[in-house]
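In the two complexes below, chain A is the common chain; its partner is chain B in one and chain C in the other.
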Partner chain A sequence: MTRVLGTVLAVVLIGFTLLGEWAAPYSPTSPVTAAWAAPTTAHPLGADALGRDVWSRVVAGGRSLVLTAIPAALAASVVGVAGGLAAGWAGRRTDRILTGVADVFLAVPSLLLALVAATRLPGSAAVIVATVCGGAPLTLRVVRDAVTQIRHTGYVIAARTRGERSVAILVREVLPAMSGLVGADLGLRLVIALQIAAALGLLGFGAAPPAPDWALMLRENMTGVALNPAAVAAPAVALGLMTTTLALFAQSTAHRER
Partner chain B sequence: MPPTTGLVLTGIGVHDASGRPVVENADVTIAAGEVVALMGESGSGKTSTVLAALDALGPGLHRSSGTVRWNGVPIGRGRAARVWRRSHVGMLAQDPAGALHPLRSVAGLVGEGLLGSRRADRAKSVARALAEVGLAPEALWSRRPHELSGGQAQRVALARALVGEPPLLVLDEPTGGLDPATLELVRVALRRRRGDPRMSTLVISHDTDFVTGLADRVVHVGEVPAVRPRPGARVRSGGVPVLTARRLTLAQPPGGRPLLTEADLAVHAGECVVVLGPSGAGKSTLLTALAGLHRPAQGELRLKDQELPCGLAERTRSHLRAVQFVGQDPATALNPAHTVATALTRPLRILGGLDRSTARARVPELLDAVGLAPRLAARRPGELSGGQRQRVALARALAAEPDVLLADEATSALDAATAGTVLDLLDHLRATRGLAVLLVTHDRSVARRADRVLEFDPAMRTLGESALPIP
Partner chain C sequence: MTALRAFLTAIARALLLLLAVSAMVFVATELLPGDAAGARASNGATVEQVAALRAETGQDRPAWQRYTAWLGSLATGRLGTSLVNDRPVADAISQRLPASTALVVLALAFAGPLILVIGCWAGAGSRTRGTRTAVVTGLAAVPQVVLAAVLSALFAGALGWLPPVSLLPPGGSPLESPHLLILPVLSVALPTVVFGAGLLAGAVADTVRRPHAVDSRLRGTPTVLFFARDVVPFLLTPLARVVAISAGGLIAAATVVETLFGYPGLGSLLVTSVSARDTPVVQAVAMAAAAVVLGGLLLADVIAVLADPRRAPRPKRRAPRYLGVQP
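Entry: the complex of A and B
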């Protein structure tokens, strides 16, 4: 049940987030009513400091976050899987060097990395750098352990005794055998990437005003939380919903494993 | 009138994720003090019936009907079944070594069934259980499963199932992969339980010899298989052996104490040579060395009249095609992501040089040769039983049309009838194509089919020719 639910929810939500700008009833960037207007039927979530419709801004505000998080998670996954395959397959020195490097990266908090990167790079590039540095080592370790198990299975031995090259075995046998694991791990990387992107946005390294963005909205609307609480609650709920859905999706891929 | 003591299963039905029935309307009764054997061909749903009763089915399977009663009390599902299982059931799974948690010590694994008792009592019971299965408790106490040989791991699993004298003991295919001495321990344990009104025992097996005399009753699941007549002709040819090993010295791990020193071995075309030996002696290492997977410390290999390089990387395509290896463990023999058809077309394409469509067209024929229905070609390993997987693995090796087949306990996971079919198939290939077969086994009934038997002597670290006939 979780499988279907997770996949459907994730697809619908991501699709809605990406195309949300067109579904917004009002312009997300221009004032349409009074500042901090309370929710009404015309404006279900009220308005923010400039009188912009909060619902329209929430609907349109996930796009840039998701568009940053997806490539960041993919990059982390690709780097981690490639490293894990190499470490697990080659063993010995390659394994020690790669896991050693991964451990060094793991020792550094990824938010710190993101902040350092954000001082030099544009916001989305900083998210990618931090997600790769903080996430790829975790992927690497998981994949490496899976590969060391799979190395001794009958089907890998059969492929070796057929004289297949290492790369062919990794791509044709090892990788498909752990597709569930890689998929689940990608979901987790996506969650982390989204969190880093939101954190940077909240600290002012993300989208610039007047763009609609969940993290930016949290930051801007905090001042009016007493006047219109929905203006702060809505982007927070949207972020939470997105993260939970992605985590559910990750779990559903893991269940497909067997 | 069903008995009020013991385990009563009525109308158990199991379906898989696509709604296909795996088990239909199975009734099994085990009275107190009784030993019941559950028999049937591989793939007939023996294990699924029992796991359904214990509410411990794997993902993708679910119990669609039936009730379970223990001493007359119905056992619910979920938590109730879990509690009952913990306190009443000891189980030896089909892949017992694989069921051991890799990060726990032997003592922890065996003692798990005794939670709730005092620490000192528990240690005493664990030591006794280990000693009863012929293991030295002090030597193995803190080892992890990967530090045990295959045979030792299975004995640990047996100790784990027997510790604390569980009211219900379930043994799933105990004859698969246990050496004769360990199997004797299982027999002793079963005889001790039999007739004791506090204990019921269920043995899932395909081995008629094993079950006869041990079980009070036999319950059949699925159809009773017809036994195929054995082809008669046995070819034994002289001349140049297909595969020769000279002065072979093997060490596992490499550089460590040798398992085998300066052994000679030759297999002729059409010949079946069996290597017998206790578990942990290094039989598997010998086969992996011949297959090019383990570099011998010393010695040379020859394929017919040419030298056979010891490493896989130096072997040519014709070397690779000529020597095929079938492993021991049906659970991991096939890639869970690939269909049976994909698994079989790879060797045809790479070693046979066939194109995709020609290779695909040959899949039904290969499946038929190992006694499997061609419709299984579209299945993935998760939808096959252990025996079916092992036969697919054999078909994969035979697809390369090898000159010599190296089989590591290839029949130990199969039921008697299926193992017979597979051995008949090998006999047939030996007679018609001159296939040479080198079988590593601890099963003396398999050894009876051999032209020659070599005995592994772990004390002397040698291979010696054994006198025929095998008892």
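Entry: the complex of A and C
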């Protein structure tokens, strides 16, 4: 029940972020008032350097980040689940090699990897690379632990005795049993992807002006923080709410599944 | 003898990891599509000019030759010259090093004790453990950019107590103007505290369940004495490891904070070099950062051996499941 609720809330949150542009009262990309105008009733969060309405930009600004983060999180999850299934099912040497490789990737800070990858790749591709390298090893660990437990359950042993092939057992018997765990884990990878995307966006490797984008807004509005603090605080709070909510739901689901 | 063997294992492991990281950095900077010669000559250079530039920088050789040559020059301390301004990379790094060191050392000094306190708080509650873990999880999910922005909006914006940018006077030491360091240090340290506390909480929870700790609680030892005598001494090894891992995250985190506050350290050097596609500088800074990370882990391994010589350092680092991004 809570799992359904959590999933619905996560989908609604992401849905609002994706469709937020329609709810913006003003154009998020063109000037509508004075530069760095303080909050008024017409512009509840004031204006930025070009006089654009901050509220409209915040409402519209999560879309590009989420659209970058979702494929990155999916990629990390797919790689991690595949690796975890292989390591947990095969055991022994395969397990040692795969977890060893995962440890190597975990030793490197993800943001450092993202930056190095951004030397050549466009920002969104660098987010995917870094999320896969930094997130997939964690998924691999979680899935591997789950598989080593599931492989000794009765229905898996029954399937093996029937003579089914390993891949068929993994896809038809093991994976469905872990769907909740994998779903919760996907939520956590989404948090990582959002963190990396936000950091890269702030460093100038994300959305290009004049797009409304939370990370870009932080970068642009920092110079006017003394004139209109809301222009910096608002996108920050929006991003923080999003990641915190996702993490809490994913974490509580993961606990229950384990 | 066992201790010596454990040391050697730890050193070999760190070197092997460093080699693996160097391969990652090389692949990311040299083998991914798009190359520096093409980017550098993009404004109206002919095909021949690009080819000549490639030959000049050795980019027409096979990848493995370039990799071994690069490794060799790294090992002998030749970091090359910048593609953008032809200055030696070593100069650029040594110029930025003091500011970065000040930032990271101060942040660690601030974060270390707090990691211990909050880790104990999050790990020790028996009935409230779930809530406390949730608090740490929720806080750990807050992106560092968010924290830095909120701190800045509050202290530099709404309250006006601190300057919004931390540009240092040319040639000046960061320690001469400590008020410029407050926002950067806090923004780097606080996510580290949450991350480290989350890691440490597991070790704390294990320690308070040990027989001597349970006994001590039943005897009614005051909380402060209980932690000081029965818990913290057992946390030395995990704490060293947590601080080492967090220190690695600090260096990556510094890129965001230095850029946001205009603080002239290695992090902002890395960011400007990445956007200028200045490969030699990116490689050198990334390898330096990786070396610090792995050096920290090695140090933690050594501390583990010294604390308990019978046990070799455990190669597995437990990463928190809810995280992944080091702050």
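Operating definition for what follows: the second predicted complex is superposed on the first by the 242 of 258 C-alpha atoms of A that agree within 3 Å, B and C clash if a C-alpha of one lies under 4 Å from a C-alpha of the other, contacts with A are read in each partner's own complex, and residues count from 1 in each chain.
Here, a residue touches a chain if its C-beta (ideal position, glycine included) is under 8 Å from a C-beta of that chain, and two chains touch if they have at least 3 such contacts.
Being a predicted model, the structure only gives us computed values, none of them experimental.
K.L.:
Using the superposition on chain A described above, determine whether A:Arg189 touches chain B (first), chain C (second), both, or neither.
P.N.:
Second partner only, chain C.
K.L.:
Given the touch rule stated above, what does A:Ala47 touch, chain B (first), chain C (second), both, or neither?
P.N.:
neither
K.L.:
Which holds for A:Ala158: it touches chain B only (first), chain C only (second), both, or neither?
P.N.:
Once the two structures are laid over each other on A, A:Ala158 reaches chain B alone.
K.L.:
Per the contact definition in the header, classify A:Ala215: touching chain B only (first), chain C only (second), both, or neither.
P.N.:
second
K.L.:
In the overlaid three-chain picture, which partner chain does A:Ala177 touch, first (chain B) or second (chain C), both, or neither?
P.N.:
In the superposed model, A:Ala177 contacts chain B only, not chain C.
K.L.:
Name the chain, either chain B or chain C, that contacts more residues of chain A.
P.N.:
Touched residues of chain A are more numerous for C.
K.L.:
Considering only touches as defined above, state whether A:Leu115 meets chain B (first), chain C (second), both or neither.
P.N.:
After superposing on A, A:Leu115 lies in contact with chain C but is clear of chain B.
K.L.:
Residue numbers of chain C touching chain A in their complex, please.
P.N.:
17, 20-21, 24-25, 28-29, 32-35, 133-134, 137-147, 149-150, 152-154, 156-158, 160, 164-165, 248-249, 251-253, 255-256, 259-260, 270-271, 274-275, 277, 279, 282, 286, 289-290, 293-294, 297, 315-317, 319, 321-326
K.L.:
Which positions of chain B touch chain A when the two form their complex?
P.N.:
58-60, 291-293, 312, 315, 317, 320, 323-325, 327, 329, 332-338, 343, 346-347, 350-351, 382, 393, 396-397, 400
K.L.:
Okay, in this complex, where on chain A does chain B touch?
P.N.:
152-155, 157-164, 172-173, 176-177, 179, 255, 258
K.L.:
Which residues of chain A touch chain C once you look at their complex with the stated criterion?
P.N.:
Chain A reaches chain C through residues 99, 103-104, 106-113, 115-121, 129, 133-135, 137-138, 141-142, 188-189, 191-192, 194-196, 198-199, 202-205, 215, 218-219, 222-223, 225-226, 228-230, 232-233, 235-237, 239-240, 243-244, 246-248, 250-252, 254.
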